[in-house]
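Have a look at these structures, which come just after this line.
In what comes next, subunit A is part of two complexes: it sits with subunit B in the first one and with subunit C in the second one.
Let's look at the complex of A and B:
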């Protein structure tokens, strides 16, 4: 069971004078149980790719397999029942705060579970649980989702998807615009969900997060898969040609190596690892 | 789902695209009037509507508008056709020249009713074609500029031409944005299990609320932001404005304007004087 792209091409505005080919012959596999990052410069097609995962977009050509579900172009044979897929793949959009609409936060979060057939009580229970997860306490339950800050809205929207308990959680730039501690807490939350058995697919521009939390990474460039592998291998090479930045820890390690230190970059993921490596390198 | 054809600009570079927006607006209005002028007999109606249809089709073909757009807007018309037919059949007319279609138990239906309905549909189709030719070949902003230009003389009676034009251009500017917002919210809610196409009435209404409320909120936020941004740049509706893009009439514009005027005058004279070409030539028709 996994997510597999086979030769997927996606074109925006086909059959007009200005078609945009956002994805070009993409083939990749996202393992079940992984914490996969999708990175690449602005406009390289990350958000487009991600929307194929729950069949909001259908490939112009090629096929996407999500477990047993088949997402293909209109002409080809594909699965028609989308609801089970949408329950399985929870997609949190870039700037999800636009999707809020209910009178109270708890009702808004309960909206997803209710759509998938939960009773009001069960849905509310799931909503409370999800809100606790994202760090919003009881005092928020009855408030209007329009009278809270942007970052809090973001968390409510995230809770709205978490409440559905998806098997695959897809998050598109969830930390953009959050305060650093809030971003860190969010990443820790994803790690917790990952450890509980879900597969996480994270779109981000923050390389420190990729190195610190992800198990696999795909670099997209101009609608193609440019690189794939483990974060620790990826950042060992020069990534600036994809408009990416080497994570601060790796940058630091490179400079230390230049100064004569020996550092094992395979286990270098967080600041703690770097500190340990420095201590060990001195001995 | 994404294709809302009516009123969408298609960036080709045909001679119709290059015409001045003012000319195109002028010609469009004249042609629309010409389409709606009544003719004295059915055969004259057929002759003139047919001729206009040919002219309009040629124009539309020149703009390279995909034929499928027109067809898809026509799909919506069939409800209208049925409605018109029912109305014309139920409400009898005093003059009936085309003969009886059927007569059952004293309920007589004349062919005229069908002809009448067909005429209205033909007019609507031509209106849609002319409108599409205009909007697909003219940028919305150029169109507002043309409107403003025609409104300018009204400034004498304190008609706020510039403000109205600004309002229209902002409205036009935000149609694609609003569509994009709609798509985005739809996708977000679809991810949360909303099914906008299937399901019971109650479910679908709940689905629609989840779409409409975020749209209202974001439109209000947007208009607030736009207002603030305009104020920050010292926008004052009463000031005299200059233009970055200047418009000039060219020879082609005069030719087209002349043709449109000639067509309208021809149709108007025929209509006004109740001329019947066929009887003039000694042929009796209906």
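Let's look at the complex of A and C:
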């Protein structure tokens, strides 16, 4: 089981004078059990791609396989299999506002579990548990999800998807707008969910997160897959032509290597790893 | 001169919770400030107060020496530009070009100059190819670029950026920050207040203002602020890469002299 794109092209406004081809003949496989990052310059197609994973968008041509679900062009809107797909694939949008709609935060987060068959009581319990995971206490339960801060909105949207415990957790810039410790805790939460068996698909502009947490990475460029690999291998090469940056840890390691340090970049993922490598490299 | 003068500002949306709790500070003309603080600490609310979007506050706010009130709002706003946290809340035009034009029309910029200004700022923010596109049908980072272009094109004297670059790719973020720094060179009176969670951006600020639960708890130069490692961590904040690495090295038992103040000097020290 996995997610597979076969020759997928997606065009916005196809029958107008200005069609926009956001994805161009994409073929890729996201392995089950991986923690996969999708990265690339502004407008390269990341958000468009992830919206294919729970069939919010259908390919203009080509096919996306999500386990046994087939997302192909002209998919009928009222597909019976859509509901199980949405239960399996949880997507948190880049702009969380568009995901919020209920009058209280707890109802908003409980919506998913309820929609997929839980009783009110169980759904609320799951909602409270998810809210706690994203750092929102009971003082938020009865408040409106529209009258809170930007980072709090993102946390609510995340909780809404976490409450469903999806098999595939797809998060589009989940740390944008979170305070630094909040972002770190969230990444640790994803790691825990990953270790418990879920597949995580992360869209991000933060290269340090890719290096620190992900098992696999795809670089998109102008709607195509430009590179793929393991983060530690990928960042060994120059990625600036894709509007990306070498993670700070690697960048500094390169500088020290020029001065004669020996640093094993296969084991370099966090700041602590770099500090250890430096101390050992000096001996 | 102080462009912004805030005294004892207190504000609450509802009776249950005070969001700004006796905030006092001033911003000097021409400087670049970063405002940092945990989610829900009151940063965007402060920005709303400065823009006169909420007026029922206690305390006083003056901008450019003019006390903020219903009567002075128009005049003050003509000098201030804000990029909101969600760019979609900003768009008024049906195309990128219209959107940038809207602000210029409001400022009564003569028509014959407008096209040139629109193109120049679309170019500077990398959106020139999207001039005829609908702002709402752009990618997240493209929306942020348009919102920034619209505000900078108006030539404000004070720019408030509320997480305006949070969704830009690394190179794009640098380009926008460089653009802002170059505009400051052209107009030394331009004052920037950037609300951000990006600590690397904050290292480039003249001063950092640190918010916690509706109060200012620290204000100073980056190197004065980031030495408060434990305090910052206790209020959900992090450290720039240099400080993280420095502390991690010290935890490994390495002694690093205080003269090492940035990555360059750390590199030099380690390779000496």
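For the reader, a short list of remarks on this structure follows.
We adopt the following convention: the second predicted complex is superposed on the first by the 276 of 283 C-alpha atoms of A that agree within 3 Å, B and C clash if a C-alpha of one lies under 4 Å from a C-alpha of the other, contacts with A are read in each partner's own complex, and residues count from 1 in each chain.
Rule of thumb we're sticking to: contacts are C-beta pairs under 8 Å (C-beta built on N, C-alpha and C of every residue); 3 or more make two chains touch, one makes a residue touch a chain.
Predicted model, so just to flag it, every value in this text is computed and none were measured.
In the superposition on chain A, A:244 makes contact with subunit C only, not with subunit B.
Of the two partner chains placed by superposition, only subunit B is touched by A:161; subunit C is not. Using the contact criterion defined above for the overlaid structures, shared-chain residue A:121 touches neither subunit B nor subunit C, since it reaches no partner. Once the two complexes are laid over each other on the shared chain, residue contacts for A:276 go to subunit C alone; subunit B is not touched. In the superposed model, A:41 makes contact with subunit C only, not with subunit B. Looking at the shared chain after the overlay, A:56 reaches subunit B, while subunit C stays out of its contact range.
By the touch criterion defined above, A:146 lies against subunit B but remains apart from subunit C after alignment on the C-alpha atoms of chain A. Subunit A has more of its residues touched by C than by the other of subunit B and subunit C. In the superposition on chain A, A:18 makes contact with both subunit B and subunit C. Once the two complexes are laid over each other on the shared chain, residue contacts for A:256 go to subunit C alone; subunit B is not touched.
Residues 18 of subunit A contact both subunit B in one complex and subunit C in the other. Those residues of subunit A that touch subunit C in the shared complex are 12-13, 18, 40-43, 47, 94-95, 97, 147-152, 155, 173, 176-184, 205, 207-208, 240, 243-245, 248-249, 252, 255-256, 259-261, 271-272, 274-276, 278-279, 282. Chain contact summary for the complex, subunit C toward subunit A: residues 13, 37-40, 44, 85-86, 88, 132-133, 137-142, 145, 162-163, 166-173, 197, 199, 233, 236-238, 241, 244-245, 248-249, 251-254, 263, 267, 270-271.
Subunit A meets subunit B in the complex at residues 15-18, 51, 54, 56, 82-83, 86-87, 90-91, 93, 96, 98-101, 111-112, 115-116, 146, 160-161, 164. Considering their complex, residues 10-12, 66, 181, 184-185, 187-195, 209-210, 213-214, 217-218 of subunit B touch subunit A.
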